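Before anything else, here's the structure in question.
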Amino acid sequence: MEVSFMSYILLAIILFSMGIIGVISRKNIFIVYMSLELMLNSINLMLVTLSKHFGNMDGQIMAMMVIAIAAAEAAIFLSLIVALYKLKHSINIDDYNTLKQKGTL
Amino acid sequence: MSNYLLAWIVLIPFVSSVILGISYLYSIKVKKISNKFFTFLALLAPMSSFVLGVGFFFGLKNGVSEYLYEPYTWLGVDNYIINMGFLGDKLSIFMVLFITFIGSMIHIYAAGYMKEDEGYGKFFAYFNLFVASMLLLVLANSPLIMFIGWEGVGLCSYLLIGFYFSEPLNVVAGNKAFIANRVGDFGFLVGILFLFVYVGKLGFSYGALEEYVGIVPNHILVIIGVSLFIGAMGKSAQIPLYVWLPDAMAGPTPVSALIHAATMVTAGVYMVARFHFIYDLIPSVGVFIAYIGAFSALYAAIIAMRQTDIKKILAYSTISQLGYMFIAVGLGAYSSGLFHVFTHAFFKALLFMGAGAIIIALHHEQNIFKMGGLRKRLPLIYIVMLVANLAISGIPPFAGFFSKDEILLKAYEHQEYLIYGIGLFTAALTSYYMFRFFFVTFEGKNYISKNLEPISASMKIPLVILAIGATFSGFVGLPEVFGGTNMIHQWLSNWSVDSTHVENFKEIVLMGISVAAGLIGIAVAYVKFFKYDFNQDIKESGIIYNKFYIDELIDFLIIRRVRQISVFVSVVVDDGIIDKTVMLLSSGFINLGRRVGRMQSANTRAYAFFMLIGLSSFSLYLIFKLG
Amino acid sequence: MHIGLLTFIIFLPLVMAFILMVLPISMKLTRNIAFLTTIVVFLLSLSIFLRFRLTDYMQFREFHPWISTYGIYYSLGVDGFSMIILMLITTLIPVGYLFLWKTRKSKGYWASMLLMQTGVTGALLSLDLILFYFFWESMLLPVFMIIGIYGSGNRIFSTLKITIYTIMGSLFMLVSILYLGVQFYNEFGVWSFQLSDLVQITIMSPTQQTLLFFGFIIAFAIKIPLFPFHTWLMQTYSNSPTGGVFILSSIMAKLGIYGIVRFVLPLFPHQYVEFAPYFMWLGVFGLIYFGVAALMQQNIKRMFAYSSASHLSLITAGIFSLNIYGMTGAAFLIAAHAMATGGLFLLVGTIEHDLGIRSISGLGGIAKKAPLLTVAFALMILSIVGLPGTNGFVSEFLIVLGLFKYNNFIGIVSATTVLVAASFMFWMFQRAILVKTDNNISKMKDLDKKEIIGIFGLAVVIIAMGLYPHWFLYKIEPTLQHYLVDILKVGVSS
Amino acid sequence: MKYDDIIYLLPLLSIGVGAVVLMLLSPIKSFSINRLSWVTLFFLVFAFGATALNFGHVYSATPFKDIFSSMLITDTFSGYFSSIIITGGIVTVLVGSHYFEKANMLRGEVFSLLLFSVFGMMLLVQTTELLTAFIALEIASISLYSLMGFQKNNVKRVEGAFRYLVLGSIAGIMLLLGTTLMYAGTQSTNILEIAKYISAHPHANTTLVITGGTLILITFLFKIAAFPFQNWSMDAYEGAPLPITAFMASTFKVAIFGFILRFVLVDFHELKSIWNDMLFYIAILTMIYGSLLAVFQTSLKRMLSASSIVHTGYLLIAFVSISNIGESAATSIIFYLIAYFLSSMGAFGMLSYIASDDHLRVTYEDFKGFAHIRPYMAAMMSIFMLSLAGIPSTIGFIGKFYIFVGAIQAGYTVLAIIGIFATFISVYYYFKLIALMYFYPSSEMTNVPPLKGMTPLFIGIMALLIIWGGIGNTLISYFPGIDFLIDTARFAYQSLFM
Amino acid sequence: MIDTIFLILASFALFGAGCMIMLSNTVHSALGFIVTILALAGLYALLDASFLFMVQIIVYAGAIIALLLFVIMFLNIQQSHAPKEPSKYLFMVVSAIIMMPVDYLLFKAFYTITDIKNFSVTPKDFGDVKMLGGELFRNWLLPFEAISLLLLVALIGAVVMARKKERA
């Protein structure tokens, strides 16, 4: 069996799905965050694979930029987590429901 | 006489009415105007019209076939053109003459009768408006214009019945009259519409209608005839639309005399005569009309036998007499019917005015069983009432004899023996109930005599004049048996249908029979009531006294049901079903919103899950789309 | 550029309304100037009436591009049918002012009244469908304000109800208008929302046309209102102040009828003819239904609301009668009913002003205190019940005749109109005005001078139209003939 | 010509420079909020002026082509959107400075972040490269997250920002994934080159491109809050301070549309119809969902948020129509955006001027009798409500007219009818406010700001613009009317294809 | 050989990711994530992206995850703080099922470009710093500059939000 382009892609897709599954099924705010990062990583894997596949560098550059973006998001994300934790004293994402619609049936 | 003066016959009372109305309002709002002004203005109008009418009468007599004045196109849509037209032919001028004459008399009488009343000016404004409408009714040259007058008199009747409008009963009676008339008008309108649709394009004046009525299919003509007659039923208080007339006596007595006895109620008879060209073509409807008339006559007479209110008795007698007229016109004897209209106007107006005088004299007492013994105390009234009673009872030589007898004769001639029999029987009943009232009022014993109010001269003069009329007006239609020439027949020769004539001998026998019937009625009344003892505590009751409970029946069967339906419609259907549906739709939408609002649960994972479903469905969509 | 008379008629009140609102002047001065404005508008429209030529085409045309990208034009014109209604509006509004004179309202009230006038005249005179829609919706806002601010009872609810109800209808119409415009574009390659252009569309299937037909009809049916879209009417009428209900009943409802004739008829002649019988029956049904419902109403305004609905149903039946009689009658009844109902509402307004809002059983004995009011009231009622000699009769007769021409049976049923209105009107008159009761009516005052002038003017016109209807009618006839012969192709007297 | 290139880049540059300058100024204590806002306004107005230099004609240029490798484009389209975005910034600053002062948010960084956000949005509508677009989107979003979470003591704020961040990140990842797929499909991420590739390979398998485009479209649907990606918007709008809500709800939406229109029109002009069935239902569901949500709200802010979902639905109607009638549908979107921008910016702005979202005048009920206290403000508010409801004589009506005509022309009459239905429902919740303001007698109201200063003036100008956009015509010579607005929108569209 | 390495790294990556999304202890899952990241770094190296291999390790494992762990420590999150998640597996299964069409679509989409043959053939210096840098500053200047602004914004944002209590 030869490691093909599709093997990488398949791995990336599976990781991507796991990321989404993590976001939806976990209540732990940190794990939700890591799942998001996992999705970004899976996209990076795709980009790098494509880069190799096409033989041009654009994919890798994009992947590098995605990492930078991920870093920027991380800063905001973590500072918001800190702020929220101070207010709510919980890392359960389901507890952040102050804005729930009122007056429903 | 110039044609345009025809319009003035109508216009003078109308203008007078408008001026009276405005001055009355001025008088009550700003500054009091003396009654003399009102009297002058009020009397001027019918008299001027009468003078004009006389002028036209002589014009016609001297050979002018008809006067026609059409000042403008009233309504012209497409090729239906209706002119505002006044037609002065022999029939209408005949009607004009007796309306304005009787009208003038009753005006004079009313000037006395109403003099204490604060609504004096208003009364005459209404009165002249009525005269104007009535004259428009008879002078109109087109059924639609006639309808204006037709409804106008109905309106005036409403206004005058409810003259003392603060009293609920009066207004109720007025409403009743108006609505009952409206039922009739509905029929009238339907008749006009049919006529209009079938021959309207060729012109809608009477002349044109008469010319082209032949093109209407016969079954339509029957509908037209019946519909128009429904109008007449309403206006002339025939079964079944008579119910309003007895209640209409709530109005002041001159009103009853003028409108509900002498003139307005005869409009139906006039109308049938006016449309003779239709009824000539459909004799079966004519017989139907005659039967309605006969039954109305009988029915009203029966009810009248047990009434205690003086005006109610007269009201029922009016219905009964109108029944006679319809017998005549129904059988095609238009001129005979109109002859009876003519004589009836005299004696019935006289009866009412006499009754009015009695009522005034007795301080508005209307129950005959609280009167009694007035013969000596009101001798003039006694005499004129005797004349009138004899006239209505058909005792020769008073006016009623000639006209009523002629109607019975016509019924006999047309071999409608049932009608003849009913008529004869009713004649007997008539003389019975009239003399019952007469004897109870003027004779009797043990009555309580009260102080009498003096009766003014202006009330007495017309009484005398009308008494003379009631005595002698029959002679204008003196039967040929007595060597006379029936001037009414001559004058209205267009409207008298030649039919087989019974021999003179038979005619005289028949006259004898009817006179005998009248006399029998008087005799019975004499026996029962001449020496009526007022001490006995007699209470009239029973089904006849209660008018066969027809009013109650109508109230129960129609009025209450309609009100129930009304409540049902507005509360159940409108508010309950339609509005509720609308409101449910809207509140349902809002409630749906409230349910959907639960999706805004502020749960991040739920939101993400929702997005995932969206993403997934997009993918599915693409999978299928791309194959 | 040229600005015509019609523009002045439409926009003078609007301009004045803005000026009056902005200027810091008193309520009384505002009112007086507003009244003068309506008088000026009346004179302008009178000059239109007198210069109106007896033809069937649009006159006093004004035509300017507005949104040229979509071929939307500022396009105005008047023909026989709209002229009658124009005269009606411009005559009635000053009369209404005379009656509203004593109501102590704010400046906004008078400004709203002026705005309302702009809305209704604009809708009446516009020949471009978008422009029409524009005014059609705009006239709702002043009504919204007047009822909401100055109304009584559950006014906010009923304001929202009327707004949502009528906007729902007009939005259906908007879709139809847009659809027509698109079809025109598809066929001719240019945009236009001109009525005269849109009637030339030939590419629509009958199904499409029928759907659009109902899109328009619903809008107008709600405004009129026809059964079963009427439930807003009763609440709105009973809760709105005199000025609002006056305009609503005597003018706006008539614009619903006008809309049908002006737009539905030429745009969908086939559907118009096809569905005419149903609408005739609907109209006649409404006539009786509303009439019966009116009988037992306790609130006078509510009763008049039902009475209005009843008559408007008859008018609707008339315009669908497919012959000149019914249509002429309908046009005439529009005028007659507007005057009578408007007058009645104004008179009820004075009663309400003096005595506060009362049900019928809370009134009574007014005739003694206020004879002039009673006379005027009676006259209006007589016109409503269609007494010959008033304009009510002529119109009802013609409508019934028109229906009769179509079908004898429906004609006979519709002839019950002479009974229906009479029964409840006279009963109401008896209980509320004539008969004396124990109720305290000492505050009741008779009409004052201005009101007398106003009502006298109405009365004269009502009688004049009853006695000489032809003079008022003959200018409409060519227009209606044009509708029937050239557009519907059914002939004048089918 | 370098000079021309600088002119073209001037708006973007000035905003970027302004943002940095403000960042540097903000720690200096002597710079009060007021002064900072003037500085901000200066940069914004300058940028607006620079944008306005190129108004009125169709142009398209790629400044510094060699340096930026054609990733940046300035054309009429971007100019149009940039000017709206800058205007949004100006209104936000005008309204916001008052609000921030009142709400005790005495931090100068607000203005810096706002300018960064404006910068991100402008970059978004000017870039032709997907990754740059993603970065621009992130710049704008992260500034907004920060602006929302600014008051970190307030649970609502932080929570709103957090939810927006989590879900926004997922959406951003979709964009990224889409970009990756586009790259996989065409070996390029530049919109123009992708377009070239697609037209050069008409028979190639387009699965990758379409899937990538779909994912980008999903991000777009998320950001404009279309069903089923709409849930976040209520929370984010509710959580944000009012001026920021205004900015997000109107301006950000404009920017997103600016990007996606360019992307879809340039790249997917031929392929777009593949989404039509899906977008058809999305448009319907968006309108219905928004209506359902808006109709029972008691808080005005939430009502406006929910109704912005409905307006998204209207825009989607036009978006669906693009594949059948490209030019007029796209133009109608562009036109409607400005109509919606004016109305909702005005409504939110007015709301934030007269209310503070925590305690004063939150719900409908709190506005009872407002018209008697501040008649002119109530009138302005009514104009905004009428325009949002699409009542004639406002620009909102013309916008809806445009969209519905387009829908019918494109054969989507059903959409037009549903749109009309949503409009009809919207009348209820918009008119309710007018009713409450006018129909109740004046009540005691505390702390109502006066009608003076720049903020009400500017809001008033917007109200006038709405009326002018609704009835303005060419009756007055040389005075631009509605046709002018429509033509401008059309130029913007045309410049995409130069 | 490459196959084997790929398979090992891939299974590490999957194992790490699985740990991350399943373990209830926050720190444990963070460790799982690190495993994944490192495995991915290895895969990058396998794909001739030597610079990215370093960046991945330094930036992700070294900075982002370290920051994350720092925050966890900073907030003193105990195991007891972790929310109760009794139904997380159910959610996972359900969301995995819902995810299927997406995965299938992605797979199908990528499958269309497998015909490009030269997957394993790349230039010698492919993916090293020099080539990457050249490319970055030649063709990707605009996003690069934009990224710098993005980081600046994130900086300001983080500072604003993490700053101590506001002055009044």
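As written, the chains take the letters A, B, C, D and E, and residue 1 is the first residue of each chain.
In this section, a residue touches a chain if its C-beta (ideal position, glycine included) is under 8 Å from a C-beta of that chain, and two chains touch if they have at least 3 such contacts.
A quick note: this is a predicted structure, and the numbers were derived from the prediction, not measured.
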Intersection of contact partners for chain A and chain C: B, D
So which chains are sitting against chain B and chain C at once? D
Inter-chain pair with the most contacting C-beta pairs: A-E
One chain's C-alpha mean falls closest to the whole-protein C-alpha mean, and that chain is C
With chain centres defined as mean CA positions, report which chain is farthest from chain A. B
Per mean C-alpha coordinates, the chain lying farthest from chain C is E
Note: chain D sits from chain A at a C-alpha centroid distance in Å of 27
Measuring from the mean C-alpha position of chain B to the mean C-alpha position of chain E, what distance in angstrom results? 104
Measure off the straight-line distance from the CA centroid of chain D to the CA centroid of chain E, and report it in whole Å. 32
Indicate the whole-number Å distance between the mean C-alpha point of chain A and the mean C-alpha point of chain E. 7
So chain A residues touching two or more other chains come to 16, 20, 23-25, 27, 32, 54, 58, 65, 69, 72-73, 76, 79-81, 83, 93-94, 96, 98-99, 101, 103
Where in chain C do residues touch at least two different other chains? 164
For chain E, jot down the residues that touch at least 2 other chains. 91, 95, 99, 102, 105-106, 108, 110, 113, 139-140, 143, 147, 150, 153-154, 157, 161
Which chains are in touch, pair by pair? A-B, A-D, A-E, B-C, B-D, B-E, C-D, D-E
Sites on chain E touched by chain B in the complex: 91, 95, 98-102, 104-105, 108
Hey, which residues of chain B end up touching chain A in the complex? 591, 594-595, 597-605, 608-609, 612
Touching chain B in the complex: which residues of chain D? 159, 162-163, 166-167, 170-171, 174, 207, 210-211, 214, 218, 221-222, 227-229, 231-232, 234-235, 274, 277-278, 289, 291-296, 425, 428
Chain E contacts chain D in the complex at 105-106, 108-110, 112-113, 138-143, 146-147, 149-150, 152-154, 156-157, 159-161, 165-168
What does chain C use to touch chain D in their complex? 1, 64-70, 74, 130, 133-135, 137-138, 141, 144-145, 148-149, 155-156, 159-160, 163-164, 167-168, 171-172, 174-175, 178-179, 181-182, 185-186
